[in-house]
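What follows is a single structure, written as structure tokens, with notes after it.
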Amino acid sequence: MACEELGYLRLMKLIRAFEERVDRLFVEARIHGTTHLCIGQEAIPVGACAAIRPSDLASGSHRGHGLALAKGLVPNRLMAELLGRRDGYCQGKGGTQHVASLEHGFLGTNGITGGGIPIATGAALAAKLRRTGQVVLSFFGDGATNQGTFHESLNMAAIWRLPVVYVCENNLYAMSTAIRDAAAVERLAVRATAYGMPGATIDGNDVLEVREAVARAADRARSGGGPCLLECTTYRHHGHSKSDAREYRTREEEECWLALDPILRSERRLLGAGELTPEALKRLDAEVSAEVDAAVDFAEASPPLDPGLAAEGVFA
Amino acid sequence: MACEELGYLRLMKLIRAFEERVDRLFVEARIHGTTHLCIGQEAIPVGACAAIRPSDLASGSHRGHGLALAKGLVPNRLMAELLGRRDGYCQGKGGTQHVASLEHGFLGTNGITGGGIPIATGAALAAKLRRTGQVVLSFFGDGATNQGTFHESLNMAAIWRLPVVYVCENNLYAMSTAIRDAAAVERLAVRATAYGMPGATIDGNDVLEVREAVARAADRARSGGGPCLLECTTYRHHGHSKSDAREYRTREEEECWLALDPILRSERRLLGAGELTPEALKRLDAEVSAEVDAAVDFAEASPPLDPGLAAEGVFA
Amino acid sequence: MPQMSYAEAIRRALAEEMERDERVVLLGEDIGLYGGAFRVTRGLIQRFGPERVLNTPISENGFVGVAVGAALVGLRPVVEIMFMDFIALAMDQIVNHAAKLHYIYGGQARVPLVIRTPAGAGRGYGASHSQSLEAWFVHVPGIKVVAPSTPRDAHGLLKAAIRDDNPVLFVESKLLYGAKGDVPDPDEVCPIGRAAVARQGEDVTLIAYSRMTVLALEAAARLEEHGIRCEVLDLRTLAPLDEEAILASVARTARAVIIEEDTRRGGVGAEVAAVIAERGFRGLDSPLRRVACADCPIPCSPTLEEAILPSVDKIVVAVESLI
Amino acid sequence: MPQMSYAEAIRRALAEEMERDERVVLLGEDIGLYGGAFRVTRGLIQRFGPERVLNTPISENGFVGVAVGAALVGLRPVVEIMFMDFIALAMDQIVNHAAKLHYIYGGQARVPLVIRTPAGAGRGYGASHSQSLEAWFVHVPGIKVVAPSTPRDAHGLLKAAIRDDNPVLFVESKLLYGAKGDVPDPDEVCPIGRAAVARQGEDVTLIAYSRMTVLALEAAARLEEHGIRCEVLDLRTLAPLDEEAILASVARTARAVIIEEDTRRGGVGAEVAAVIAERGFRGLDSPLRRVACADCPIPCSPTLEEAILPSVDKIVVAVESLI
């Protein structure tokens, strides 16, 4: 278990380093547009993807770089996508909110809040009808649970007993809106009741807890037991997107949650268990930092697609 | 109580006579288009509207003639609307699926399944913000609870504590689709849990039970207690619309439900309590039948709107 | 193959393609035992079973999205939207997802999805069950739009749509479901993107699609009695639009009347007119005309409904105004 | 009144109308403390309180429907859809309800509802945050569509929209939010339905709206150096369209180029072209031209995005091709 956690820690660190670099690239105006960083939430994609098979599928929200990397996409090509370059997974056409890699079973991030939920559900329908044995993870935020697509999708998954695990990353806010102001329930997991499916709230900042919960849910789904809803509590450390001064939450609240940082927790656990030494930790940090440096180099060396081809490729 | 029930019985009989006449007018090709009869479900609109004030508001589904009459619309003008005549409530432009009478607080039937739910919710928002003291009844079928609008609306009503009562007429089927195949829950009332609002299942074929439940819900809503969801079990005696051979349900099931007919039940109760004599019952039947005759006469005497004006009135 | 109705032609095309390719599955409300509101899918659940003919809950955006997801990973879903008006609920999944994924994923993904839906008024169904909203989709890059006027084209275009690797909106006409015609060859596939000359003539081109082609042909027959020889061009596909066929016909006749059942402002006819005004202007002798539904919601009352819809009379008047 | 930005002009119009009429309430995602994604409503919740500035959950179809219901019984809601792309989720409530109720209820009901939303690309936001979908609504009877190009018109048209008893789609331009201009009179209301001549010229009419007017003016300035005098007509309202103004200008210049940021096929420009081809044909000397976004989703990469959008260069080329 512990040595596996080392791998998770490494991946979480990679995601964080990647996101921090993206943040800096924005500040330096080397990326344009917008982006939604998942710093603070890394344990959820990492734990969840550790619990499934490479052949399984996953679909993400707008806050999806972490899931992309956890699902096996490589930093180089992901970074190239964010920079709008030809070697990005989508040739720079998709960008941060619509990056996918079907060969990795990654159905894409999604700029439409709640938009990926029916798509993940449909992928699960295909898996069931084609008897592929695949399970689908559908990621979305707390705010997305107020979309009609959430309701309609979970209902269909339940009546058809589809192999899908709904992973709600409840980071307490949808942009500036606290979930306590946007839903009159204490726990979003209770929403599973409306579909006759199991729902559970877990600590989304504990990578092992996430892995266990998703593993159980995925096993159940794979063996025909149907879908379930996992609410993973977490917190985003940064603002919603680049231009957010976080006026809607207090610095005290942020402090509390920073102390619950999933990376810190894994580090502490591993150091305590002697699975990790301070030196190894430094090496790890240096490694992921180098990997991200390389990704930026790769991305910046990749040209954008020929603008003359911009309007090509609309139809298959 | 019992003498009040006499009034309800009369209204239920009026609705049924009205619907049976509509059915016949279709067979005779004196009405065109489509229609959805509420025969068998009369106790719900009658009981519900008995529990609210005339100044309160209501919005209906596509199966809404009963609610229209219970909300105070008169058979003459409703029939004229169905026949597409000038004296219809909407000049014949709305028809069966879009008939409204704002002066009666009737916000309309609605041809879009689930389409009326946010509208009713918005009317409740207006009532709350303007402090009118009004309550809104939002009627819809079991099938409509699978629409995103249901989810989004109930959620908003809950977080804003709006004065709205959601009345789900669960007649077991949405067109040919049994609700047990379209939702994986035993009782639709549990869906209230997802919004932190109370939900209850009541016998929708008992006009007094409906009245009591709606009265409690409306009082609570009016005094700032927020919305609730009432699932009223019932059964439609006829097909979904005119061209339905009812292959998706058994004649045995129909028999069972016919025995639970809400009109029969009120009749029996009133006859048993001596509040009604067989003669009075006959008179009642004759009265409502005459009222419906008059409505048809009125409607057929009303001309259609001048076709030259058909495209007028798009903008206020 | 014998004469068959437009509905039957669609049903056959579905069955043939389901037979041919087991990835083809149907989704929609009440499409199983009930056969859909217009009974188009009647009998298919008995033949192909409930795993390939899926009755959905009433969740238009949801089940279209489910179909998009299923298409993305290897199925070829054909979705029925019971009335085209309800497609308003599913716009996000169609426009922001189905139509875009191939392009924005840089060509990695295909979304072989067909959305079948009946459009059109004339049955007294009222404002929420009568619209013709195809113009919205003509404006959306990444989705093809077809709208056949005959059983043969309905059959052949549906087969092409199902075999296409892109999302296709297949617009059916409620009023044509019962119309009969020859469907000579069960294997005939009608290519998407090609208009057809439904009648030849020299004086004016009537450009139409779906049921309006039938009206245009009637008007042409009537106008012939007045000595006016109309060419009738049946667009069949609205996106991509067969601009060459339009321009070729208008170049011959130098006059055009566009007939569409959707409401006039911003309708499909506007695009046709724009194409002619841009690319066919030099050969044009007189102003273009559009015969369309009046710019108002469809009233339920049949007399009012009739008043606002295109008709043979209105086409005749429009043509005569040009000559 | 001093110079102010387009965003500030909108904010002022909202505040003035809320001051003037307590039935005006705002609904939308994060429009309270946060002030909306583009900060247009910033400060209004402090001034008018949370009962009049309602933060909604992420439920576009739902909260637009809530606004329809509220409008039906006496409020005058102004809804913000954070990005126009998300309006796809709310089409049913806008099209099947808001736009139709006045008509189908036989005149009993009014739906005084404004839907504000930012359209347009050019910020690298990608396919789901960059579309210009106004053509859909131009095609929907019962809703007005306005799309101002200046702070002054944004202010005056928004006031008119809020006072209008009909649903109005108020299309804002993301890229213009920071653009400054005079807003001389806080009481000025700009009538819906009237285009404005933004520049006079004799050789060719450039017909544009929203941000494209700004590009058209730049192109006109550049073309003047080549001796080509362009008239620039800023449509301002897209539905109802000011056909008379279009026809009058084209009658003077005998040439027209239509500039629109939406995708070309079936866009707003198609309707403008159709109107000219029907009603202004006789005075036209050369083919019409449309300068529009290419028919593809908006790519995220800024270089690709720029390549498909209209530009001053493309307008200049189109004009020169006519002369």
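Residue numbering begins at 1 within each chain, and the chains themselves are lettered A, B, C and D in the order written.
Rule of thumb we're sticking to: a contact is a pair of C-beta atoms (placed from the backbone, for glycine too) under 8 Å apart; a residue touches a chain by one contact, two chains touch by 3 or more.
Predicted model only: the values in this text are computed from it and were never measured.
Note on connectivity: the fewest chain-to-chain touch steps from subunit B to subunit D number 1. Inter-chain centre distance (subunit B to subunit C, centres taken as mean C-alpha positions): 36 Å. As a whole-number value, the distance joining the C-alpha centres of subunit A and subunit B reads 45 Å. Centre to centre, using the average C-alpha position, subunit C and subunit D are separated by 30 Å. Multi-chain contact residues of subunit A, defined as those touching 2 or more other chains: 88, 91-94, 98, 111-112, 115, 146-149, 151-152, 155, 159, 181-183, 313-314.
Across the assembly, subunit C contributes residues 57, 59, 61-62, 85-86, 89, 92, 96, 100, 103-104, 126-128, 141-142, 294-297, 299-300 that each touch 2 or more other chains.
If touching chains are joined by edges, the resulting network of the protein chains shown connects every chain directly with every other.
Interface residues of subunit D facing subunit C in the complex, by the touch rule stated above, are 61, 85-86, 88-89, 91-92, 94-96, 99-100, 103-104, 126-128, 133, 135-136, 138-142, 239, 241, 262-263, 265-271, 273-274, 276-279, 281-282, 284, 286-290, 294-297, 299-300. For subunit A in complex with subunit B, the residues that touch the partner chain are 146-152, 155, 158-159, 181-186, 190-191, 193-197. Residues of subunit A touching subunit C in their complex: 57, 59, 88-94, 98, 100-103, 107-108, 111-112, 115, 117-127, 129-130, 148-149, 151-153, 155-156, 159-160, 313-316.
Across the complex, subunit B meets subunit C through its residues 32-34, 84-85, 88, 91-98, 110-115, 143-144, 146-148, 174-177, 181-183, 244, 247-248, 304-305, 307-308, 310-314. Here subunit D touches subunit A in the complex through residues 29-30, 32-34, 37, 55, 57-59, 61-62, 85-86, 89, 123-129, 294-297, 299-308, going by the rule given at the top.
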